[in-house]
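Dumping the structure here so I can ask a few things about it.
A, B, C, D and E label the chains in the order they appear, each numbered from 1.
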C-alpha cells in the first residue's frame, strides 16, 4: 500500500483525465433534493459532503436491468446470442463510502458461490473503486457494529480521507496504482496526516456476535411478527442495499425476437415466493422480514462466510415506515 | 386520391392504429369500403366489441411498438349497442388525456371520434384528417426512444444502459 | 405450438384487383406459427370452404385466419365451415382485406403490405384464441305479463293459447285498462266494452293464466329464462274465496263521495267498490285511504251487510315469489290532466275536459249514461270546442312528440257529439290531421263532411270563462291567421299521451331502459320493436309510446310470439363471447379483490357476488361472478378491472394485446 | 364624487338599488312616488343607480340587438360598480329588459365580452333584479297584514300585462298564464281580486301614439272585462299599461260605445292606501280617470 | 474540523395533542371494543405507525401535525388484522381512504372504530360514513406548499418540457413499489404489473417501463385517490409521483363535477357516467 496526498484541485484534474481516457466515471451527484450516483462528464459535478447516497454503488456491477442474452425464432428454430461481456466499459466508481465498497465482498460471494456469474465478474474486473472515508455520519449509520468502520478499506482500490487542504490517498491495489498512473503528477508525497484523527467516531449500536448467536435460535420467535407489523412490503430496502442480490428473470419479447433480462427483485414482496400452484411458503410479512434478517445475519455468514450487511443504514433511511434495522437488531 | 394511395417516397408515412367498436365504427368502415371511398392506407383497424372494452394500456403499447398516431372510435352517445359502453369509454379518455397531457405525452396524436355504421364518408375523413395531423407532427420517436432501454441516454449509473448497448450488438 | 392456416380470398377481383393475394399468402406462410397458407378465388364458395376443411383435417390446424371480406359478413360462414371440419369455430378469425383494404386503397405496394399486416394481426390473435362452447341456459316456461289493459290481455291470451303458463299482474282492482273506459272506438265506432269484456272474461277463465289484480311487481331478479319475480298483492280487505260479488256492500257503503278513477273524476264511487259493473274479477276492494272504518275506526257497515262474511279488515299485503322465464311489459300510458295547461285555465274550469273524460261522458256506462252534459251544471252543451295537440308537439311544454291517437279520437269525439246533440255546433282546432291508417282518413272526412264538424287549423291561445261560457281565443291560420273567438259551452282537450307515473321506478326495478319521456325503450327502433335491451323482457302497447288499439294488439301478439319462441326450446343457446372472472387455486381463488366497481359499470347487471367458502362454510372471500345469461359481452368491465381479474372470451386481453403488438412489429 | 341619493326613505344609503327608468321620472312619476312611499313605510332603503340611462325600452331591440343589450348592460354594470347585489325595477319594461339582458350575456361569453367592450365596463352578471311584487314579497313579507290600517276593500282586477311574466323561461316570475302574485298581495291588503280572463293580454303598448285605434280595442277589451265582472279598480305594475288603460279611456269608451269609469292604479298606490298613506302621498290625483276610494 | 459529529436531526415536536387520544385508546382497549389500535409513535426522525394491542402500550401513542402517513393502508392487511376489531387514528386523508375502502367493500364499519384529532385538539369518533363525510367537508384540508409550486411550474411548461421532466424523473424509478405499498388503495392481491398474460407493463426498470407503471398506477386511482401524497412520500428516490395521482384527482373534479370527498364516497368516477359529460375532444 502506498500513501499520498492529493489536493482537491489535483483530484479533480486526475478525475478529468480519467474521463478523457474514455473511462466511465460514476460519482455522487445532486439528484433533486437527494444525492445519488450518476455518470459524470466533469469532476466538478461531484458532491463531496454528503453523508450517504440514496442508492448503493452495487449497480455498477449488478445493474437494475441487465440483458443475459437475445434470441430470434424462425419457424421453430431459435438462435441465441449471449451478452457481449467484452463490450462492458472501463469504469471508475468514485466517492462511495467504505460501507459500499465493503458491500462488493458479499455481493461477489453470492454471484460466485456455485455458478460463477460471468456478467457480474466481467463488470467487476473492469471497475476500479475509489472510496471516500467518512468524516460524518448520521443516526442511521452503524458500520462499526458490523465489523466495518469509517476508514475501512475492504473492497477499495483507492481510499481517500478528507484531511486539511486535501485528501490522504491510500493506493490499496494494483488496479488502484494503474489508475494513479493516468496522472501521477496530481499526487503529492504523503504529508503524514493521521487518518483516524479525521474519521467520524461512531459508537457501536449492538454487539454483532450476540445478535448472531441469538438469531441461531430465533426462527420461531414472536419477535418477527412484532417487528414487521408496520412493514408495508415494498422493495425499497433491498433496492438501496449494497448487498441485496435477489433478481428475477424476465423476457422482453417482440414477436419472434426478444431478450432475456435479469431485473432486481426483493424478498420483501409478497409474490417473491409465490408458487404457480398458489402456495406461498412465505405468506406473511413477518416471514418475509425474518427471511431478510436471517439471510443477512445468519444464512450468509453460515454458508458464504460473509455478512449481508455493511451498516450503511440505507434501508432504514429509505423505509417509508421507519423499519430501522439497527433498532430492530438491538431489540432481538 | 393518387397522393394518398401512392404517397411521395420522401414524405413521412405515419403508422396509425385504429381502435374501433364492432357495431358502429367497424361497420362504418365497412360502409366506406362498400361505398368505394378511398382513404390513406396508413391505418390498421383493431376490432373491439365496444369502445368500453378498449384498455388505455393498449394505446400506450401501440405507441411503444411504433405507432405515430392512434384513432379511437365508436358509436355516438346514446347509440351504443350495449347502451352505455361509449359513455364509460368517454370518461376513461377524459381522464387519460388529462394525465398524458400532464406528463407531456402528445395527446394530439390520439384522435377520438364517433363514427356510426352509416357514416362511411366520415370514417374516411377521420382517417385522412388524422394522417394529415400526424404527418405534420412527425414520427413519434420521442416516445419510442423511452421505450428502448438499449439506447437510453440517461447518465445514471443505476441504469447501466451504456453497458447494455454494447452488450447486445445484433439487435 | 400453433399450427395456423391462412386462407386468402381474391373475392373474384374485389380483393385481387388492388392486393397481390399470392404475395399475401406467401408472406403469411413465413409467419411464425403458420402451418399452411394459400389463396383462392372465392373462399366462401363451396370449393373454397372445402379447401379450408381439408387443410384443417390434413394439416391438423389449430387455428384459421381467413383473409377475405368483413367478419360482419362471413364470420359465421367460415366458423361453421371450421366446425364442420372438427375445429372449434371460435378458433377461426377473419382478416378484413376487402372493406378495410382493397376497396378503400389504390393498387400499389403499400396496399399489399397493409394486407399482409392485417393478416399478421389476426394470426397473432388467433394464436391466443381458446376453444369456446355455446352457452346453454335453462328456461322456465312461465311468462309474467305486467298490466291488464288490452296489450296485456292480448299478450297473455296469445301465450296462454300456445300452451304456456302466464301470470298477469294488474295494479287496479280490475283488468281492462284504458280501453274499458272508452265509449266507442275509431274508425268503426263499435262499442269498446263490447269487444273488450269477452276477452277480459277469457283471461279470468283461462286455465293457463293466473290473474293477480290489485297487485304490483315488487322486485325482479335473474335473467332470461330464469327470472324470479316478487309480486305484492295489495290487501283488498275482502276474502275473494268467500265473496260472491253480490254487491250488497257497495250499495250500502255510506261513503259515496269518492271521485271515481274509472269515470275520470266525473262520477263518484263508494269506499268499498268495484271500478265498474263489468269488472274482472267482479269483486270489490276497500279503498283504505277513503274508508271511514280505516280512517276513523268505526263503521263496518260492509261487514254487517256481507252475507258470506268475506270482509276482512286485517288482511295485510301479501308477497308471492314466482319463477318466470320471460316478462311482457304492458303497463300502458296516461293522458295529461287539464291542470297542465295554464292557458286553458290550469284545470280550474269544470267544463274543460280531457279526451278521456269526454269518453266517459259519451259512454253509455258513464256518469251521464252516455248523454253529453256539462259537469258544472248538467246542461247539454250547444257549442263545443275540441283542441287537438294539447301539449303534444309542443317542445316548450316538454312534449315534442306526436301522441299519435289524438287526431283520430278527436274526430270520433266530435262525431259522437254531433250524433248525440243534433243541434250542437262543434269545432276542432288542429295543427295537422294525422290520419294514417286503414279507414282513418275516411273517418276524419266523414266527421267533417257528413257530420259538419268545423275544423279550424290553428292553435288556441287562451280560454277564459265569462258568464257561464268559455271564451276560446284562437287563430285560423288558413284564413290569414284571423283571430277566432268562440263562446263555447264545453271544451275538450286532446291532452298528450304520457308515460305512467310509476314507469321509471318499474323500469329501474327490471333494469330496462327508458327514454327521456319515461316511456320504455325498445332494443332497436326498427328491428327489435318488442324487445328491451334486457334479454327476456319484452314490451307491448302504449308503455313504449302512445299508440292506438290495433297497433297495441299487433305489438302484443308480437311480444307474445317472442315469448312463445323463447319457450319453444328447453334451453337457450347463446354466443360464448362473454366476460368471465378468473378463478385460481387457493389461497388466492381469484385475482378479483371484490371491490365490485364493475357492477356499476355493467349495463346489464350481469355481475353478481360469489362467496368463496372454506370447508367449514366460513366465507373466505367474496368475488365477482359474471352471469352468463345476462352478460352481452361489451367488455366495459374488462377494461375497467384494475387487477385484470375479469376477461372477455373472444376478445380477451391476451388476444387484443397480441393483435396490437403484431400490428407494429415488422 | 357626490352621492346622488334620491328620496332615500331614511336618508341613509340603502343596500338595495333602485332603477326608476324614464317613465317613472316623467309620465308615471306617481308610480315612483308610490313605490318610494311604500318602501319608506316598510323601512326599505333604496339607493338609486347613479348616472343611469334608458333601458332601451321596447323599441331598441327591434332595431339593433347590440345597442339594446348595451343600454341595459350599462345599467347592470353601473349597479355592480356601485356595489349593489339587488336592484328594484318597478317598470315592467325596464324589469324585462334588464333581466333578459343579464340572461343573454350570461349565456354567451363572446357576446358578453363584446358588450363589455362597447360600454367599457365589466359585468359579473349576478345581479338580483326585482320587480315591485318581488320586492314586497322579499322585504315586507308578513309585515304587510300587520301594517294594513285601512283595508283596500274593493273588488279589483289585477292586470299584469305582457312584460312582467314573459318570456317565462328567463324571467321565472309567477305563473305564465293566470299569474297570482298581484292578486295575493291585493288580497292581503284587504281587496277582493276577481277571476278574469285578461290578466296577461296585451294593452296595445307602444301603439298608444301611432295606432290609437288598436290600443282602444285591445285596452278596451281589458277594461270591459274587468268592469263587466264588477271590478272597482284595475291594478297594474307597468307605466305603459297604466297609461293605455287610463289615458286612452276616451278612445276606449268610444270603441266600446259605453262609458266605463273604472280607475287604473298602481299596486303600490293600492298598498300605500291600505297601510294608511294619504291619496296625495301615493299620487292618486295624477290619473286621468279619477281614482277615489272611500 | 477535527470535530467528528454524528448528525441527528432532532424530531420537531409539532402540536402534540396526544393525551386525549391515549385516554380514548385506553378506554377502547380496556372495554374490549377494539383489540388492536393503529396509531403513530415517535420514530427515528419522524413519527411512524404503531400497533397497540394492550393498554400498557398506549403511552406510546402520539398524534400531531407530523403524522401524515396514511394509516388506512393497514386496514386491508389481513395478516395483521384478521377478524379483529380495530381502532385507528386517521389523518384527514386517511379518512378519505377509509370512505373509499368502505365503498369498495374492503372494510366493514362495524369492526372499525375511526378516530381523528381535530385542529381544535378534540378526539373525534365517527359513527357513520356520513359523519366522516361531514367532517371532511368542514375540516381544513392540509396543504403541501412545495407541491403547489412544482405543479405551477409544470403547468407553465410546454408539452415538450413536461415530457423531458417526467421522462427524466421516472427514468430513475427502480420499481421498488414503495408507492404501491404505501397506498391504501393498492390492495390488489395481484397487481397489474405482476400480470404477465399479457405483459401489460414491462416489469423491469427502464424509462418507458417506469412510465407505463406510473400511468397505470395513476389511472387506477381515478375517483379513488385520497390525494394524501403517501406514494410520493414513500418514494426512496424522492420522485414527485404523487403529482400524477393528484392530477387524476384534478381531472375528476374538473371534468365530472365531483369534489374529492364525493368521488371517494360514491360509485367510481370511471364506472359511472353522465350522458352530458364533456366530449369536446371527440370528433
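Here, a contact is a pair of C-beta atoms (placed from the backbone, for glycine too) under 8 Å apart; a residue touches a chain by one contact, two chains touch by 3 or more.
On a predicted model such as this, the values are computed, not experimentally measured, just so you know.
By the document's definition of touch, common neighbours of chain A and chain D comprise C. The fewest steps needed to get from chain D to chain E, moving only between touching chains, is 2. Look at the CA centroids: the one farthest from the centroid of chain E belongs to D. In this assembly, the chain whose C-alpha centre lies farthest from chain C is A. Interface comparison, C-E against C-D: more C-beta pairs in contact at C-E. Remark: chain A and chain E have CA centroids separated by 31 Å (rounded to whole angstrom). Chain A and chain B have CA centres that are 43 Å apart. Distance between chain B and chain D, defined via averaged C-alpha coordinates, is recorded as 62 Å.
Between chain B and chain E, the centres computed from C-alpha atoms are 34 Å apart. Looking at chain B, residues 56, 65, 84, 88, 92, 149, 156, 158-159 sit in touch with two or more other chains. Contacts with at least two other chains are made by residues 36, 55, 64-65, 254, 283 of chain A. Residues of chain E found to touch two or more other chains are 172, 174, 190, 200, 204-206, 270-272. Interface residues of chain C facing chain D in the complex, by the touch rule stated above, are 342-343, 345-346, 462, 464-466, 471.
Within the complex, the chain A residues that touch chain E are 31-34, 36, 51, 54-55, 64-65, 135-141, 164, 197-202, 229-230, 232-236, 238-240, 248, 250, 252-253, 261, 263-264, 266, 269, 271, 283-286, 316-322, 324, 327. The part of chain E that touches chain B in the complex is made up of residues 154, 157, 159-168, 171-172, 174, 200-201, 204-209, 211-212, 215-216, 218-219, 222, 243-244, 247-248, 250-252, 254-256, 269-275, 277-279, 281-283. Those residues of chain C lying in contact with chain E across their complex are 588, 591, 593-601, 622, 640, 642-645, 653-654, 657-658. For chain B in complex with chain E, the residues that touch the partner chain are 56-57, 60, 64, 77-78, 84, 87-88, 90-107, 111-114, 126, 129, 142-143, 146-149, 152, 154, 156, 158-159, 161.
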